[in-house]
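One chain, chain A, appears in both complexes that follow, with chain B as partner in the first and chain C in the second.
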Partner chain A sequence: MALLVVIAIEIARLKDLFAVVMLIGIYGLVSASFFVVMDAVDVAFTEASVGAGISTLLMLVVISLTQRSEHPVRHRPFGALLVVMLTGGMLIYGTLDMPYVGAGDAPIHIHIAPRYLNDSMQEVGVANVVTAVLASYRAFDTFGELVVIFTAGVGVSALLMTVGRRGDKKPAVAINDSMHKQQLILRIVSKMMLPFIMLFAFYVQFHGDYGPGGGFQAGVIFAAAIILYTLLFGLTSARRVINQTVSQLVAAFGVLLYGSVGLVSLLNGGNFLDYNVLASNPIGGQHLGILLIELGVGITVASVMITIFFNFAGRKELQKSTSENKGT
Partner chain B sequence: MLAHLPILQVIVPLIGAPVCVLLSRARLVWLFALIVSGLSFIVSALLLQQVLMSGTVIYELGGWDAPWGIEYRIDKLNGFLLLIISAMSTLVLFAAQTSINKEIPAEKHTHFYILYLLSLTGMLGVVVTGDAFNVFVFLEISSLSSYALIALGKDRRALWAAYQYLILGTIGATFILIGIGLMYQMTGTLNMADLAARLPEVAQTKTVFTAFAFVITGICLKLALFPLHLWLPNAYTYAPSIVTAFLAATATKVAFYLLIRFTYSVFGGSFSFTTLPLQFLFMTLGLLGIFVGSIAAIYQTNVKQIFAYSSIAQIGYMVIGFSISSVTGLTAALLHIFNHALMKGALFLALGAVMYRIGSVQINQFQGLGQQMPLTMAAILVAGLSLIGMPLTVGFVSKWYLLSALIEKGWWPVALLILIGSLLTLVYVWKIVEIAYFKPSLSTNSTVIEAPLAFLIPIWLLVIANIYFGVDTRLSVEVAHAASESLLQAQGQVRP
Partner chain C sequence: MLMGLFNYWIVVVLMMIGLYIVIAHGNLIKKIVGLTIFQTSVFIFYISMAKVDGGTAPILMANVSQYANPLPHVLILTAIVVGIATTALALALTIRIKEAYNSIEEESIQQQNKKQASVRDELDPRNDPY
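Entry: the complex of A and B
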């Protein structure tokens, strides 16, 4: 906890953005371990893969696009400080009347949680309660979050789109193509790791029913594998494997998969996302439903992350080639 | 299928958005988006009818009953809102294809429609749901997509405006999330009806007070209530015209709906209005908003910016109606939501038409347009009169209700100030009318002709609605009145 505070202060103080990004990654990792201590393994896993993993990567790409150090700020934002202090004070004031951590009679433990804990095995048939809540009881929220991610992907590619802007006659110099020859050790090691990362992603994807994990984390891990490959072997060779239009189609497909599970349950006479009607017995239906929607989540998350990364990297490529054109 | 109307309301545009990716031609995507939006309009009309006939409609998602699963709960209030949002979206979308041809590069058109549908989904999702966390999720969908939509503007400053909106909007959303989290901590539930039942037990705790403060502040940021309005003028000015028309007619209404929903339905009116001096606070901020917004509008030279500032003033009127917390006051506020959507929809679409023909909405470019684009300018004139509150237009109806609510309470000074505020509206509307009708046209614009039909049809539909609902007030007033009556009644049931 104290470590978190120290890191946060350091982040705000430092001017070197590269170091800031690294610290943010560490912050994510530390808070993930904090969540583990608090017994929230699923949250910790998400934080580790999203907060410490993919967002650090994306921020690094952004830095490579812009510049490394912050603009010096002249004015001293006292007004902002006041607002922040007020908000912080308010939050602390709010905690005064909170039930103690771990108190058995706190409202969150006695109102709706007992049913999740006691009955989800009969009603949903999934060992991991968090998955049961996320993917079945509150599946529509998860659907909403998936759409948030899809929106982010579409938004980023709408703003940064580089495809078809110029006549793509001349093959542009891809990001990091020069690395081919230099980073031999990195390349070989990561080449060895890639299959394992991907395998791990699939494990996380399909094991979410029993242990921590699920579509979100799996998607992110899978995307990280692809991004790692791109960083080391260049954008052009990565594009040969996954092209941007395809990854966008795949992202849409994930959302549609999730949505169509809901629609099928509508057509089978249940309410939207009511998995009980998907198969002949309710538990089977729940299993099938959760499997499919988690798959949809994983697909969309992975492809959106890849799309976002490609868009930023494509920008870099564009920047490079225009500056070269100016030079010649 | 009638039983599934509530979910169809959200799911139709939601599924429609990713389907757009599969369609390749921009025109096809537009047609598809228009159909999707039209369908959701039909759904909302059916839904409102159902609610008016048989009372609140409840829909359990995933078949899980309420506090465990998520439920949709539609009463007269959000039924009314759904109708406004889907109707405005459909009308605005009608002109979209023509307008974005000139404002957005062709390869981004598909993305534009996807984002547009997602934004629509988000707003409908926020309004329709009866679950506090679900509100946050859909709020994020609508906000993220609207940031991207604004950033698509032609002007480079659109990026900066979108960035500003992104930061402030995210802070607002985070505040709402913190508030919801605190409420969950104190009650153990996320369902709104359940929250309303369980909050009174713990109403006196500091945590609930903090939760309330955070939720209200967050919503006010989204609502662009003075002094939290700073993101709005630039966002509206530099966004593509279609986006401005869409957001101006819907986005702040959704935030205002949330304000009503959380204060009356979740926390309960008597809690809301006693723990914080909300009445005084909102009354003052509303009045300040009217004056600051109107005066700032008078000094702008970009017509889009004029009406953006005018939106801040109009939000002031709504908030004042809300702060009176009587049936008439709430009716006035709800009516103003509806009426403001009609006026601003017409105005910003008309500005979109001007943008289409001239490529600029600077006020000096308007010279002589009264002769060259008579129908568009007449629309601006009528909608402007409605904005001022002339009799026979909708603006008059809502101001009339607002004034009578104030006089009911005996708050004469406020009523007087509102009348003065209307005079300020007259000043900036007149400024535009004068230039458009009484100045010779610029030589550079001599070839400008009337806007294409794609613009004129939705604009004039809105203008006619402006007049129709100003004369025949039965539909809008009845629904608004019934909605506000049930809100105040429900509050009596929850805490006697």
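Entry: the complex of A and C
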């Protein structure tokens, strides 16, 4: 825990943005291990793949697109410090009334959690309670969150879209090719690892009912595999493997799949996203429903992450090619 | 016995560091990093609340009766993924700002805006004194 604070302070001090981004990756990993200590295995899983993996990568791409060091001038540091100290003091004063960490009789553990823990086995029949709550009890919330992710993907595409622009025909030739030819060991080792990463993503996807895992984590891991491939073999060859337009369509398909499960349960006489009516017996219906919507989540998350990364990387190649055109 | 609140204090400290970065730094990427730290501190807050002493991860097993609270886990799990999606959107905006202003420092962007505004005022016929 104290380690987190040290890293955060260092992030605040450093001006070299590259070091800052590396530290944010470490920060993500440390907080993931903290989540394991706190018994939140699913969350730790997600944080490790998102916080330490994808977000670090995206930020790296962005600082390579913009600039590496920070302008030294800070405005009003003392005013800011004052505001921060005041707010922090009040928040700490507020925590004095909180129940201690780990107290079993805290209000949060009394109201609805016992129902989830005691009855979800009969009602949903899934060992991992987090999955049961995520995909069944609160499926409507999850649907909303999935739509938020999808919208963010659409937004990034709208801001940075490079595919289909004029002048894209003359291939934004794999500029980094020479660099990629050099990293022989990296390329071969990661080539061997890629299938296992993908296999692991599928395991996480379909085993989410029984152990930690589920659509969100699997989607992120799958996207990480594709991004690794892109990093090592260049954007052009990665686009040949996964077409960007297709991946955008697939993202929409995931949301659609999720929504259709809800609609089908409506048509079968239940409530929206009420899986009990999907199969002949409620537990079977729950299993089917959870499987389908986790699949929808996984598909959308993976393809949105891939789309975002392709957009960022494509922007970089565009920038390079235009600056080269100017140079000649 | 106040050590039971230690986690919450760390959360507050982290949150304040994030807030300080957002207020005091002019660099847009640094601001986004600050927001990420702020966000993570909220995650830690929720997960700390979900912890039950002597409990285990909320995956049902025979001969275990004490589990951590699953609800905060669900909320935070989705929040993390939504968080990265929105961060990506913010980064995309940063790239566009860089392309438009050739800078990601708040001050130089504001200066350019002011300059443009004054030019516009001069061109505006209503502001013509003659």
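Rule of thumb we're sticking to: the second predicted complex is superposed on the first by the 323 of 328 C-alpha atoms of A that agree within 3 Å, B and C clash if a C-alpha of one lies under 4 Å from a C-alpha of the other, contacts with A are read in each partner's own complex, and residues count from 1 in each chain.
Here is the rule we use: a residue touches a chain if its C-beta (ideal position, glycine included) is under 8 Å from a C-beta of that chain, and two chains touch if they have at least 3 such contacts.
Computed from a prediction, not measured in an experiment: that's the story for all the values here.
Novice: As a test of reading the superposition: which chain, chain B or chain C, is in touch with more residues of chain A?
Specialist: Comparing chain B with chain C, the partner touching more chain A residues is C.
Novice: So in the superposed three-chain picture, is A:Leu96 touching just chain B, just chain C, both, or none of them (first/second/both/neither)?
Specialist: both
Novice: Check whether A:Tyr27 is in contact with chain B, with chain C, with both or with neither, and answer first, second, both or neither.
Specialist: second
Novice: For A:Tyr116, select first, second, both or neither according to whether it touches chain B, chain C, the two together, or no partner.
Specialist: After superposition on chain A, A:Tyr116 lies in contact with both partners, chain B and chain C.
Novice: Is A:Val241 contacted by the first partner chain B, the second partner chain C, both or neither?
Specialist: After superposing on A, A:Val241 lies clear of both chain B and chain C.
Novice: Is A:Val41 contacted by the first partner chain B, the second partner chain C, both or neither?
Specialist: It touches chain C, and chain B stays clear.
Novice: Contacts for A:Leu199 in the overlay, against chain B (first) and chain C (second): which applies, first, second, both or neither?
Specialist: neither
Novice: With the two complexes superposed on chain A, say which partner A:Leu184 touches: chain B (first), chain C (second), both, or neither.
Specialist: neither
Novice: Check whether A:Glu145 is in contact with chain B, with chain C, with both or with neither, and answer first, second, both or neither.
Specialist: In the superposed model, A:Glu145 contacts both chain B and chain C.
Novice: Thinking of the overlay built on chain A, is A:Ala8 touched by chain B (first), by chain C (second), by both, or by neither?
Specialist: second
Novice: Which chain A residues lie in the overlap of the chain B contact set and the chain C contact set?
Specialist: Dual-contact residues (chain A): 91, 95-96, 98, 106, 108-109, 112-113, 116, 138, 141, 145, 148, 152, 155-156, 159.
Novice: If we count contacts the way the header does, which residues on chain B are in touch with chain A in the complex?
Specialist: 4, 7, 11, 14-15, 17-19, 21-22, 59-64, 67-70, 107-108, 111-112, 114-115, 118, 121, 125, 131, 133-134, 137-138, 140-141, 144-145, 147-148, 151-152, 178, 182, 184-189, 198, 202, 205-211, 213-214
Novice: Enumerate the contact residues on chain A facing chain C in the complex.
Specialist: Per the touch definition, chain A meets chain C at residues 1-2, 4-5, 8-9, 11-12, 17, 20-21, 24, 27-28, 31, 34-35, 38-43, 46-47, 50-51, 54-55, 58-59, 62-63, 65-67, 70-71, 73-77, 79-81, 83-85, 87-88, 91-92, 95-96, 98, 100-104, 106, 108-109, 112-113, 116-117, 120-121, 127-130, 132-134, 138, 141-142, 145, 148-149, 152-153, 155-156, 159-160, 210-212, 214, 216, 219-220, 301, 304-305, 308, 311-312, 315.
Novice: How about chain A: which of its residues touch chain B in the complex?
Specialist: Against chain B, the touching part of chain A is residues 90-91, 93-99, 106-113, 115-116, 136-141, 144-145, 147-148, 150-152, 154-159, 161, 163-165, 248-249, 251-253, 255-256, 259-260, 262-263, 266, 270-276.
Novice: Can you name the residues of chain C that touch chain A in the complex?
Specialist: 1, 4-10, 12-21, 23-27, 29-30, 32-34, 36-37, 40, 43-44, 47-61, 66-74, 76-78, 80-89, 91-96, 98, 104-108
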